[in-house]
Every structure is written in C-alpha cells, then in structure tokens.
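What follows is a structure written as structure tokens; I'll ask about it next.
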Amino acid sequence: MKDKKTALVISAHSADFVWRCGGAIALHADKGYDVTVVCLSYGERGESAKLWKQQGMTLDRVKTERRKESENAAQALGVADIQFFDLGDYPLELDREAKYRLVDVIRSVQPDFMMSHSRFDPYNTDHMYATQIALEARMIAQAWGHNPGEKVLGAPQLYLFEPHQTERMNWKPDVFLDISSVWEKKKAAIECMQGQEHLWHYYTNVAENRGNHFRRNSGGMAGGRAATHAEGFESVFPRTVDEL
Amino acid sequence: MKDKKTALVISAHSADFVWRCGGAIALHADKGYDVTVVCLSYGERGESAKLWKQQGMTLDRVKTERRKESENAAQALGVADIQFFDLGDYPLELDREAKYRLVDVIRSVQPDFMMSHSRFDPYNTDHMYATQIALEARMIAQAWGHNPGEKVLGAPQLYLFEPHQTERMNWKPDVFLDISSVWEKKKAAIECMQGQEHLWHYYTNVAENRGNHFRRNSGGMAGGRAATHAEGFESVFPRTVDEL
Amino acid sequence: MKDKKTALVISAHSADFVWRCGGAIALHADKGYDVTVVCLSYGERGESAKLWKQQGMTLDRVKTERRKESENAAQALGVADIQFFDLGDYPLELDREAKYRLVDVIRSVQPDFMMSHSRFDPYNTDHMYATQIALEARMIAQAWGHNPGEKVLGAPQLYLFEPHQTERMNWKPDVFLDISSVWEKKKAAIECMQGQEHLWHYYTNVAENRGNHFRRNSGGMAGGRAATHAEGFESVFPRTVDEL
Amino acid sequence: MKDKKTALVISAHSADFVWRCGGAIALHADKGYDVTVVCLSYGERGESAKLWKQQGMTLDRVKTERRKESENAAQALGVADIQFFDLGDYPLELDREAKYRLVDVIRSVQPDFMMSHSRFDPYNTDHMYATQIALEARMIAQAWGHNPGEKVLGAPQLYLFEPHQTERMNWKPDVFLDISSVWEKKKAAIECMQGQEHLWHYYTNVAENRGNHFRRNSGGMAGGRAATHAEGFESVFPRTVDEL
Amino acid sequence: MKDKKTALVISAHSADFVWRCGGAIALHADKGYDVTVVCLSYGERGESAKLWKQQGMTLDRVKTERRKESENAAQALGVADIQFFDLGDYPLELDREAKYRLVDVIRSVQPDFMMSHSRFDPYNTDHMYATQIALEARMIAQAWGHNPGEKVLGAPQLYLFEPHQTERMNWKPDVFLDISSVWEKKKAAIECMQGQEHLWHYYTNVAENRGNHFRRNSGGMAGGRAATHAEGFESVFPRTVDEL
Amino acid sequence: MKDKKTALVISAHSADFVWRCGGAIALHADKGYDVTVVCLSYGERGESAKLWKQQGMTLDRVKTERRKESENAAQALGVADIQFFDLGDYPLELDREAKYRLVDVIRSVQPDFMMSHSRFDPYNTDHMYATQIALEARMIAQAWGHNPGEKVLGAPQLYLFEPHQTERMNWKPDVFLDISSVWEKKKAAIECMQGQEHLWHYYTNVAENRGNHFRRNSGGMAGGRAATHAEGFESVFPRTVDEL
C-alpha cells in the first residue's frame, strides 16, 4: 500500500511537460503528490534548434544542455522524480524492452492519474506516438500475467495535456485546472527553457486565457471564480463519481 | 442566497426522467438536493401506445394517466417539485412565452446542475429539440437584461442523460454515477410506468451494465468499486477543478 | 458591375465583429475593400452585464450605449457601412421579413467574402443561429427567382470567425491572416468596448498567439514570417485556385 | 394490410428526386413497388435559373414548367403517384398543417422505405431542412395518439440520397444499388429536366462511377459484379437481419 | 469453387469471439456456414486474472486452460475450425511471417464475411491492433502478386463486433442480427469461460438489450419482430444490393 | 537558395500519382515548378492484377513493366525527377534507413508543397501508411539536429490527393485546382497505365465532375468559371495569408 498520492507524466521530449502541464505538476506537488516525469527523449534533434545554430555543437552537448534545463524546471515545479529514457527523437521509437521499462515505472509509481500528449498531431508525430505508447503501457501494467506477483495497476485517468495548435490536433479540453496559486513556479520552470525562449510569452498567454475559460465555466459570462491562470486537459476515460 | 443545493431536469415527455436519470434524482435527493423536474409534454400522443389501444381513449384521459404515473414516479424518487408544461408532443414546440416560462423556472431553481436529452436523436426529434431549448433557456437565464433585477443564472453543468440507442445518437458518456444505494427507488419509479412495461427490463439491464462500467473505470479490468447499478451522463461543458 | 472589392460581416450582437474579425476588417479596408457590418442585435439583454448593473438602466439606454460603442469601433476599423437590424437578442430570431432584409443587404453589397460565427456554440445559441441564417440568406441571394431582375449573388466564401472557446465549438481554423499592420486599429476598436473590458486582454492574447501560429505555419518550428498578430478563420466552402 | 410494396421519396424541390434516386425509383417500380414522390416545392425561385433568364417570366409560369418536367420524369421512372405540396422554396418552410399533410401521405403510403436529402448542406439549406422534416414526420406517423384509429407507421428505413458535393455534406454511403437494368429510364427522366441541362452529364458520370464502386465492393480490386451504373445511399437507421 | 458458405473471425484473445459474436457464429453454423476462428493470442497475460491469482500458476498452464475453454466454447457454437496463433498478448504484435500466416488462412477459407474488433479501444490496444491487421491481411489476400497462382480473395465485408464500452470506442452498429434461435448455444459457450465469470451476466444483458434494439428497428416504438436476443455489428465497407 | 519552385509527390505505388494528382503535376510543371515524384513501391504485388494473369509472369517482370509505365506517365506530365524506392507493397513498410532516404529527398527538393494519400483507407492500408510516413519524414526534415549543417525544411503544405472512394476514406477536399489547360497531358499519362485500363474512364469522370465543383464554387449554382476539368485536395495544415 503506497502512503502518498502519486502522478506520472509521460513526455515525448524533455521540455514538453513544462509548457503543457507544469502548473498541474506544481499544484499537485503542493498538495502532497509525488509526481514522476518520464522524458522519453531529450528532443535533442528536433526541438533544440537554438543549440544547433551554435558552432561545433554535438549531439552529446545538446543532450546535456537539454537535460540540465529539464532538471532545473523539474526542481522549480517540485517534481519528485524525473527519468530520462534517452530513446532518441524525430522519430521517437520504443522497442519491447523500452515499453517494459515504462511499464516498470508505471507499476512502481502506481499513479493516481497519468498525463501525456494529444492523440493527433500532424506537426509532430512523436507526440501522438507517445500517447499511443502511454495507452499500451497502461494496459500492460494492468495485466496480471505481466511479471506475475507485482502489484498490477488500477484504472488511473489519462489526461491529455494541451498541444500547440489545439484545434488542428482535435484536442478538446473537458477539465480546467486552476493553477493561479502556483503560476510563479510554472513561470520559473518555463524560464529554465533557455533554448525555447520564443515560447515563453506564448504559454503565458495560454495560461491567462485558460484562466478566463476557468472563470467563464465556473460562473457564467461575466462572473466565476477569480482564477488568473489555468491549464486545460482532455480525459481519455470516463469519471466515476458519487455526486455530480 | 439559496440555502439548499438544487438540480433541474428538463424532460421532453413525462416519463423520460424516470428511465434516464431516475437514479441521479434519487441519489441527489438523498444528499439533500431539491430536485425539480419539468415535463414539457405528457408524451400523450407519441409515447402512450398502450393507452391508445384501449377502447374510447381520449387525449385528456391519456394526459391524466400519464400525469398520475409521473407524479407517482417523482414521489418514489424524492423529487421536490414536478411541473407539467403541457405543451404537446410529436412534435414538441415552444413559442417565446413557453421559453420564458422555462427560464423563470431555471432562475427560480438556480440549479447546481441541469439535465436533458442527447443532442441528436433520429428516432425522436422531440428529444433533441428539448436539449436545444435547454441550452437556449440556460443562456437567457444568464442574461442580465432579461427581467432585470432578478438573480441571473451562473454556469451550471448540463448533463445529457442516456438515450435509447446510444451509439446512433452520438452520445458519449464521460461520467458514471453510482446509484447502487438508490436502485430500489429507481426500480419503484420505473414500475410506476404502467404504460411502458416493455421498458422495465431494458432499463434494469442498462443500470446493471453501467454498474459494470463503473467498476471497470474505477479500478481496472477485474476490480474497481463494487457498484451494482450506475447511470452514465455526457457533460456539455468543461469542468473547473482544484485537483485532478 | 461594382467597382470596388467588398466584404460583409454578419454579427449576432453588436460587439462580436470587433473581437472576432476586427483585424480582417481593418486590413481589408486598408486594401481598399468596402466592408459592411450587419449587427442583427445590440446584444442588449445578454451581453451588456456591466450596463445593467448600473442603477435605473433601461433597454433603450443599453441599446444606445451599445450602438455608440459599435459605431466608434467600426470607425476605428474603417468600416464602410454598419447597419443595426435591432432584432433583439437572447434569443435572436429572424422572421421571413428580417431574412429578406438581410438578403437585400447581401445583394446590394455583392461581397467578395462573408463572415459569421462558428457553427456550434453551446454557450450562446444566438451565435450558431446567426450562422444558420447567414447560410440561408446566402442561398436566397443566389436564387434567380428571388426579386427577379436584381443581380444574383455569386459564390462568396463564408468565413467563420473565432468563437470564445474554440475547441468546445468544434471550430477548426484553416486560414490565418496576418493582421500585424493593423493591430493598433484593432486595439483601438477593442478599447471602444467599455462594457466588456474583461475581454480586452483576452483578445490581445488571442491575437498574439494566432501570430505565433502564423509564424509556425509559414515557416516551421522556429522560423516563419515575423507576424506579431493574426486572426484565424474556418472556411465553409472549398477554394478554387489556379495554383497551389 | 396493403397488398403491394411501397416507397416514399421526400424531395425538397421538384427535380431532386430525378438526379438523386431516379434509378432506385425505376428499379423498385420494375420490381412491383408503388413509389410515391412528394415534392415539397417546385424549386421555382432557387433552382430555375434558366427559366428566369427568359423575358417576362412569372412565378406561375416557372411553377407550371417545373411541374410539367417533373411529371414527365416521374412517368419515365414509373412513379405511381407524384404530389406537389407547393410550399415555396428558398427558403422552404413547413408549418404544422403542412407537416400533418406529409404525415397523412406517409400513413397512407405505409412505405417499406423512405428517401430524402443529406443531413447537412451548406450550399442549400432547403435540402437539410427537408430531411429534418422527414424525420419529424416519420416520428409523428408512428404516434398512436396522432389521429387515433389510423394505422400507425412501422419503422421504415430512411435512405439519404446523394447530394451534390458529397464530402462537404458529410454524406457517407453505406449501400450501393445496381441500377444498370434501368439506366435508360433514369437517363430519359434526366433528359426531361430541360431547365438544368448542365447537370445531365454530371449525373451520368456519377452513375458510372458509383457503378465502379459497386463492382469494387462486390468483388475486390479488379473484379466484382458487372454493374454499369449504380446509386449510393446513406442509411439513417440500423438494419435488422437474419443472416449477415 | 468452394461448395459451402464460410466465415472468418479474427479474435485478438482467445475469449473475445465468444462474448462479441458467439451468436453470429452459432447462427451461421446452423445455416450451414463453415465458421473459422483465429485466436491471435490466448490473452494469457492480460485477460486471465482469475488464473494468475492461483498459487504457482505458470504461463503454460494459463495458455492450456485458456485454450481448453475456447475449444469448448467453439464446440458449443458449432465452429468448424479454431486456430491458435499463440502470438502473445499485452502487447499483441505480428511480424511479417505472422501476417502471411493469417493471409494463408483467409485465402484458404475464402470467407463470405469476416469479423474483428472495433477500430478504437483506449482500454485495450490489442483489440484495435487486431482490426488494423485484419484490414492489412484482407488487402494482401486480394493481391494477385502475393503467392501467385493461389485463388485471390474477393471483397468480403468486415464486421466489427461489439466492444466493451461501445460509446468510448466510437463503435456504431449499423446492423442487428437476431440470435434468439441460438441464444442457448451462446449461453453455453459463455459458460465455458470459467475464468471470466464476471462477464456472463453482462453479456446476457447486452444480448437482451440488443434484442430490444432489433424489435425497435424492425417495427417502431412498441412493435417489431419478437427477437429476444440480438448482436450488433458495424460494417467497414458499403453493401452492394439489388433491392433496398 | 534554390532558384526554382519545387513540389514533391509521395506515392505509395507507382501509379497513384497519375490518377490522383497528374493534373496538379502537369500544371505546376507548366508554371515552371520542378516536380519530384517518389514511388515508394511499384505496386507490383497488389496493383498489377492484369500482368499477373499472364502466363509465366515474375516479380521482376512486373516491376519492370510498372516502372516503364510510370516513367512514361511522368514524362507526359513533365515530371522533373521520378525516384523508385522499390520498398515492396502489400504491405508497404519503411525501416529507419528508408525513412531517412525519404528525408534526404525532401531536404534536397525543399518543396513548396508536398502531396500524398488520404489519412484513412480501409481498402488499402499502404495508402494510409504512406501518409503517416510523409508526416513523419516532413517532421524529421525540419529537425536542426538531423544531419546538422544541411538546410532544414520550412513548413510546406501537405495536400492529400483524391482516394478511390472519397466518402469512405473520410477525405474532404478544401481546394479545387483548375486543370483544364493540362487535361490532355493528364489523359496521355493515364493512358500510359496499360495495366489498369479499367480506371481510365473512371478518372476522366472524376476530373469532369470536379470541374463542375470548380464552377459551382467559383460562381454559384449555374455560373462560375468555365473549368472543364479539376482536381480536389485536402490540406493538412492551415494556410497563412495576407488577404482573404
């Protein structure tokens, strides 16, 4: 029996978790959750343009830089554990061994909820691949015949965090989370991402406008609760409740 | 400031609320909610075949019978208030006055959540029309310029309850509610519907299988919480939360 | 034969055109288009909360205020003609006469393109109703037998401008318009909307982030043309072109 | 108990049934069905451009011409009964009386199957309105309380025939009907439509290519039954069968 | 030329065919079809929780048990041939050799129709993978250049049988099959599945409620043919017919 | 800096580019584009039935014939470069090396636009696989860390060309291209495909009817520009424009 609440974020590249669910991480860390982040790759080839524009850059140096940034961001957010699978990006691919490694993490964490990318992303096929793998690994983790004797997984929700151009990704949020109280932490984490400074302002705007959506959905056109920042998520599975 | 929690069900015909959300009504009544049900029509022309097969039946007698059944069912469920708008069915139509009457109820109830039909129903256009009206009336009730001075509506969720053939109605439940504790009440209410006995067994099966879905979604393939009966709902609006 | 290019915006309430396509209006005005805006209502009941919170407010005063704001915004944007149909809001309804009045405007303007709301909007049924009417009026305007002898309409595109919560409205932009050069005009128009100040910052963020989408789609992940602000639109009809 | 098989086509304008299901009509007439066609309008305003381009044309003359063409086409196809409701087009609208008149026809015909337009059509809102009415009238015809004592309708399939630009109308055929044996009759009916000669070649191509689809779906890539012409339909309701 | 009608079921795990299309199998066996079932895996790791909870269980023993249950069920249903590919589950994966083995079966059987899982299943990625493979193998079996000289496949329908939570799988049945006459056989087959007793009652309810859908779709709200049990299927391909 | 405009077509089998975008190729070649075509396979196993029906046919002879036909067609269309990857078909599969080879071509061509198949195709899984690979390769080509020092790709549109049965493939064209001026070239290319003569007439009909759609969308019901032939495409990405 685990004694703490836990959550698990599966991030295709090592910066995704910051932009897309940094607020959720910080908020749940504040609430006492142990949040684990798995970075399947560093995004070293496809999401490190700024580094590659420097003279004499090497793959190893890019990975080192990216890892450092992500560790800093994770610390700013209060992440309990960040793991780098270093599987390569553009394209990201998991063989059976890598899938089982992810299953091991899931079983070890026994998350109360999981997070990953949108189900469709024509701009970035690594993202949608990560979600496909997340579903597959969740299923394997539930199998009594996979490493019999280990504690099998229950049925944690899989939340899909916000992709870059939501409408083109067929992503439809069904829950908004108030991250006002931890916005400064998310902001600090965002600012750890020195290589993608062009996205700082963008994701600040996203958080503010999702705050507007929070207000609107919590209280009508001109009212609602005074959230200043929020994050949106799409649930893959139905909820089970005792009161609506 | 209202002192009790409240809910409002908008039912196209006078029996719909029983099959589709009787459990939710009974459960929330048990929890102290005042639940109001508005029956826009009696379903007197289109959903009373058994009565019409009797000799010498008249429209008035059908309405009287249907009303009686619904009142009995409402009582079995613990409904706080049931209102019959008697607008006629097959087809159901609301003029501006009838819409405003519905807005008056919404404002008076100030529901914490609302319920109505699926958004599409090729078998029964009254059902989808009722939902269209529910959205329109909800919007009017939020308008500061409609009967200025009255308390305007906030942003209650609109839950769409389960239609008859879910897949053909494009209805996709995102929340399952455990109604095990009130199943006997829902069963009693169902058995008030003497005119539609052919549906008793059907909706018992639905409740049991939704119970299975509850168990599956609350705990994986062979586990989960031991709900025996459940109801499913589709939310029209996103939720706003402080914890996932 | 008309001697100028023209465009027509059909706005459910008198402020919608500002937030949703103010940039497109100003840009095309700059390019020499005569842009006509039809406001089907003032949004006097449903979108004027701030006014209604004042002591002794009346419907007429609200309409007057709303009209003034819209006229100021239209002037800031370089609108050639703004017409107020004053049909009432929450709910908005058009009888046959009102539809024909809209057809008259369409035929008189002979727009190179038209604009209206998203096709679905559960928060605001007036919005989706306006689009339904726009399609119907466009069709009537094309009919040779409607007021025979008048010049019939060709096949102008109908662009659906950005709704408030895009993903819940099933709105999917397929074109981004660079409005950087006219942003100051849109900003000025937005600031004419004294009654809805809570939306100023929101739509500034939208314009900035759509600028990011413009850059991304015009040149890849870290490049593209240096648009600072943009607007997105969904096309109802296919384009016909001579070169891809 | 009716002694013949019957079918009912609900056509928004008086020519629609020819292009879209003329083959199905002729084929089933050949098989002994009594096929009834209801033309809700003549398409006199919106689909008679060629007539309106003539000098001194009047609405009455257009209607007379359109009626003559449709009657000729109906005869060529072997239609048992064609009824002109003359409700006006662009826009088409049915009040309660007109709906009941349509219900009367449905009940009188007791069709084994019904046909109407696609559910969505941004080019022609009359078309999608006709389908909405077809569903509503079908429902009323099933109501035991509508004109009690009359024979109520069973559950005939509603087939949606092929619209002009299928992909933009979200129309997805699930059944192809071999009309090779009656193609000459459909061709003859098409050629009755003097006012829309620009469409003759178009719908010949459609029939040939749907023939290809018939061959492909009946026997693989280079085989299948040698249909030369076919029509496609989308079913609104599931089928009930004893063998797959 | 084959002398009997045939059908082929592709089942991801060895029990799927029982719950999801046992009635269709028994019914068509009764009609003289030779029905072949291919079980791609035993579901030994992921769908055998009850066995794994026993002391000292091994993978081989699980497989043996699962095989025995499936063979018994197959016999109860009148399956002509059941083949176990033993490819492993959670996750199920087919290399090229395994795909070709499946193609060999398809070509050997020359099925009049095929069956497999729903196209989407976030709970069980093996299921959707099996359908993807079914489509791929069907295509290869149609290729004249695959093992030239063998009889190529025609164009059999692929029916998708009912998944566990239909609405979340985007599964939409378009045909209901009356299995009343073989319900006892399906019941007997279900009761062979000792390891998944928790599903017996569930799939009995499903069969009864699909019986209701059969009645409703074959004859209106309170009538229709008196089917007591039915199964639903979604067709991947359009039908080709001579009469509607 | 490249000195010519360029385009790249990714064709699963060696004939696909002819039927589906031959007009676009010829038109853009006429406008001075260098158009490159990559044929991932010859369609030697699955799309060469006519050849395989000949006595003593071998895989090599089929490939040789198919290549000859495609080269002839490419010449008729004015293709600048046609490359045969010879990866095998039914099923088509790309390993990492093959993907990188495709990326090399993309980077070398630096296309102003790309073309490939529809996203879904239950008849032909090679087609949808090709599109998945096109998206993946486009993404890799944009990565600064893939072969650092090479010129990275911008953000060219990916147009999905017309599949065989559009509605079943969920393909929805949003742009029609007038190919009237090059129709004779496309016709000549089509007639190079000796092995698939059954498709010549089919794709002539398609081109004529898309011409009708061009006319309709460029000018209303009975007008528009006098295109005789057209091709339709679905855009994967939004456009970025300076004028609507």
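Worth a mention:
Think of it as A, B, C, D, E and F in the order they're written, each chain with its own count starting at 1.
What we mean here is this: a residue touches a chain if its C-beta (ideal position, glycine included) is under 8 Å from a C-beta of that chain, and two chains touch if they have at least 3 such contacts.
In this text the structure is predicted, and so the values were computed from the model without any measurement.
Path length between subunit E and subunit F in the chain contact graph, taken as the least number of steps between touching chains: 1. Looking at subunit D and subunit F, the chains that touch each of them are C, E.
Because subunit A and subunit E carry the same sequence, their contact can be compared by residue number, and under half of the numbers here are used by both. Think of subunit B turning onto subunit C: fitted on CA atoms, that turn is 120 degrees, to the nearest 5. More C-beta pairs touch across one of B-E and D-E than the other; that pair is D-E. Averaged C-alpha coordinates give centres for subunit A and subunit B that are 37 Å from one another.
Listed for subunit C are residues 46, 49, 123, 142, 144, 165, 168, 173, 213, 216, 221-222, 237-238, each touching two or more other chains. Interchain contacts (touch definition given at top) occur between A-B, A-C, A-E, A-F, B-C, B-D, B-E, C-D, C-F, D-E, D-F, E-F.
Interface residues of subunit B, counted against subunit E in their complex, comprise 46-47, 49-50, 123, 164-168, 171-173, 198, 201-202, 205-206, 208-209, 212-213, 216, 221-222. Note for the complex: subunit A touches subunit E at residues 96, 99, 132, 135-136, 139-140, 142-146, 148, 158, 236-238. Across the complex, subunit C is touched by residues 7, 24, 27-28, 31, 113, 142, 144, 152-155, 157, 159, 173-178, 213-214, 216-225, 227, 230, 232-233, 235, 237-244 of subunit F. Interface of subunit B with subunit D (complex): residues 44-46, 48-49, 52-53, 57, 59, 62, 89-91, 93, 122-126, 165, 168.
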